[in-house]
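Shared chain: chain A. Partners: chain B in the first complex, chain C in the second.
Our next item is the complex of A and B:
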């Protein structure tokens, strides 16, 4: 009787989980794989084949966009780590206990604001009639207004801004759990600041670093708004290609293939990152 | 500590860096919000004086956000979608928490990873994959049985499902973390005192989880409200606010009314976020 109840409740608990994962994650992706393998041979006539993927390989603009998206995402991830780590360290270890909570909350504020508004803010700052340009003209540093928008640097600044919180939050929570005496021991054993950082702090923070990098990379590679709004017409982001295939050209087969490629690509990078750092998905992302 | 053994200039430089970083964080938000109050037709310098027209103005060209039908409609749809997503995600998050903290079944680790996976799938891909499955199903039903399933076409339901598919992971993680801290002897004590399972759940376990459930609900609401990537592919004629705003920005060009909406949303989500922080701190600080 007791055992039956346990069984029943387990099944009842499993039901929502299964419905969710099966209907909204597993089946849609299977459907997408099948769709991506359908080749259009004539109007309304389809055949099984790898045509959609071959088209990707034959058209340099497609794979160039994917490579560009990937390399820029890696750059953004690296920048977010380099800029974010000192901030996380400051919040977790240097700030006083009172300031700590406040600074952490301040860090989270942009998280609660839509991507759209953040990009909009950057547009207002960077464009030709924008705040920075007007300010520089006013100070006399430049003679005529300058367009800071619609170039790769603007895209990178916007992306770093959008994702850096997802780097800082896991870093703060891992660094927070680190015992200060470990750092002191490092100094007592004669290490200088750099050695302590390299041999003690970074290895300890590794799960947080990996978690932050995974989420950051994934969000960057999958982002749509920031590259398009800040990069303008020639942002060439891969998600834009997917959107064009799906909505503009109504070529769902091609779009599904592109979606699979992006998914495979990001999964591959994440898998490599996990392998190289010796971490698992469960003890990094799931913890933050 | 890293900085203590260093001379003061190092620490000073470090502080300066932190301050610069926070200016960097605040700059675009301030510029997005501040121009809502500029008495000009364009969100740009110079400053033309203070006005509230972009909120309350009722005539063109300075039509304020509270008189703009399409923006208000977007706000309404966003609100409806976010409420459904939050309710569904909290429910599934709670059952998942019980499943993974209390349940004992084979391949638990595998299922746990499956639960986390939606968070690392790009939102665009979640959107198109759900669009593809729903359309395929609808097309098949139409061809085989001549039944038109309108709800599987892009629209509110698909938007809710698409957002729910990854927001449920967030709520599950938040509520699971809380349930892990639960002291099971409290339940045992209640059983020993003769309480039934349902009663223990209602009077002991769920009240313990409540702060996490509320906080998770607020997070789900906000994430849903600001979502764009997944929504973009699933949206029908009832466009939520982010989509309406994006259309404005891309097609019409920006006017300070968008700043007014931005300001409104920032204040709203700021208050909600503060609430979730207070709720969690209140009960967990022991």
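Our next item is the complex of A and C:
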């Protein structure tokens, strides 16, 4: 009796999870793989082949876009880490217990607004008739209004702003678990501020750093709205290519192949990152 | 030439305020080279703050700290040759044993051949020569303790601070580590300053103990002095066990006399701590359980026991603990008195028996109550 109840509750608990994995993760991806392996030979005539993948290799604009998306995403991840680490350190180690909650909440507030509205906020600031440009004209620093939008810098700023929270949260939780006396011991044994940071704080926070980097990299490489809105037509983000294949060119086979390629590419980057930092998924993302 | 004793650490009127709260109130002490010094006090008495000031993690609000005769005020913690064993040891979990010990040497820019020699040397001295390549989580509690000490000692500190490092260990291991710490201190011949709230740790290991209470030192002395000649009522009550009576002095010749306790018992005493006790003053009297003899009221050797204080009562309960067994006697006034007894296993005192408690006035330490004189 007791055993049956246990088994039933296990099944009930796992049913939604299994449904989700099967219907929303496994099935669509199987569909994508099958779709991407169908070559169009004539209208409404398809045959099995790697033509969609070969097309990607033959057309430099495609793989250039993918490389560009990857490297810009790495840059965004690095910037988010460099900016997020001091913030996380301040929240976890320096701020008092009461200030900590407030600061954490402040970090969360941007999440209450949708991606779209947040990007529009940046547009209001950065466009030719926007706040920054008008202010600079008013102070006399520039003669005529300047367009700050539609360049790589605007895309990177917007993306860092969107993803930095996902860097801060895992960092705060790992740094929070670090005993303050560990840092004091680092100083006590003769280390200066830099040594303590390099030999003690960063190695200790490594799982959090890697977890934050994986999440921000994935979010950035897969983002669509921010690069389009802030980078305009020149953003050349790979998700835009996928969108074009599916919607504009109605080439579902090509779009599916591109989707699989993005997944493989980002997985490869993360695998390399884990190998280089000597971490595993189990002790980074799974932990925080 | 005048001989001046060398002190590894001298503190003068050292004080620390947190806002309006005075955590440490003008403490002065000197610690001679190579001795084991303990600071013993209840939690919240300021002992950890005192230690953090010596290590450099807190800036004193007043006074001076001198290490080997030189003031270290304004010297950052990483430039002081004072090393610290933290309460939870704070070994670095991402480094193995070798790297943990080598960390401090690397910070000092020691060459790697020298580091290797020193690390193996110190591991040899703490009798753990084979653990260099182990990870921290693979060590037992006692091993971690020794690695934490080795990590400091490899740097040849002038003073080693230990902040209740035995607190996290279980009882058996704690007893073993007490002896081990004392031996390590002898071996390295470095000044150890040991902070604890556990009196048995302080009494067993130390050459000198300072009793701290509410930010001040009540008394500094050898463990024997503190135990047998406490200078204040706090020390008498805090170090060791005591029976305590409050009362009023009825007659006094300055160093001893008669007291009537609040329960109405007459008692003779000797003034403790070299103070004069005047007639009519309110006092506290402390008598240690091992100086009180419990004798059967109808026993044959009733009169043979020596002592000028007598109290009769009934054995309330027997606290058997081998050699440290004790009886709780309910005296006529109703209060419970503890007395040590030797239990032989046959014909021992049993609960419910009438007994007579006898002790000498020399063992009755008397202190004037604050504000009562």
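In this text, the second predicted complex is superposed on the first by the 272 of 288 C-alpha atoms of A that agree within 3 Å, B and C clash if a C-alpha of one lies under 4 Å from a C-alpha of the other, contacts with A are read in each partner's own complex, and residues count from 1 in each chain.
Note that in this section a contact is a pair of C-beta atoms (placed from the backbone, for glycine too) under 8 Å apart; a residue touches a chain by one contact, two chains touch by 3 or more.
Quantities reported herein were computed from a predicted structural model and do not represent experimental measurements.
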Joint occupancy of chain A by chain B and chain C, clash or fit: fit
Superposition-derived angle with apex at the Cα centre of chain A and sides reaching chain B and chain C, degrees in steps of 10: 90
Which partner, chain B or chain C, touches more chain A residues: B
Contacts of A:210 with chain B and chain C, given as first, second, both or neither: neither
Touching partner for A:16 - first (chain B), second (chain C), both, neither: first
Touched partner set for A:179, first chain B, second chain C, both or neither: second
Which superposed partner A:187 touches (first chain B, second chain C, both, neither): both
Touched partner set for A:199, first chain B, second chain C, both or neither: second
Distance in angstrom between the closest Cα atoms of chain C and chain B, superposition on A: 6
Set intersection of chain A contacts, chain C complex versus chain B complex: 184, 187
Residues of chain A that touch chain B when the two form their complex: 5, 10, 12-14, 16-17, 20-21, 24-25, 27-29, 31-32, 35, 83, 86-87, 89-90, 93-94, 103, 105-110, 112-118, 120-125, 129-131, 134-135, 161, 180, 183-184, 187, 193, 196-197, 201, 214-215, 218-219, 221-225, 229, 239, 242-243, 246-247, 252, 255-256, 259, 262-263, 266, 270, 281-282, 285-286
Complex interface listing, chain B residues touching chain A: 1-3, 5-6, 11, 14, 17-18, 21-22, 24-32, 35, 42-46, 91-92, 95-96, 98-99, 103-105, 109, 111-126, 128-133, 136, 161-162, 164-165, 168, 173, 197, 222, 225-226, 228-229, 232-233, 242, 245-246, 249, 254, 258-259, 262, 265-266, 269-270, 272-273, 277
Chain C-touching residues of chain A, taken from the complex the two chains share: 179, 181-182, 184-192, 195, 199-200, 203-204, 206
Touch list for chain C against partner chain A, complex: 55, 57, 76-78, 82-84, 86-88, 90, 92-95, 103-104, 107-108, 151-152, 155
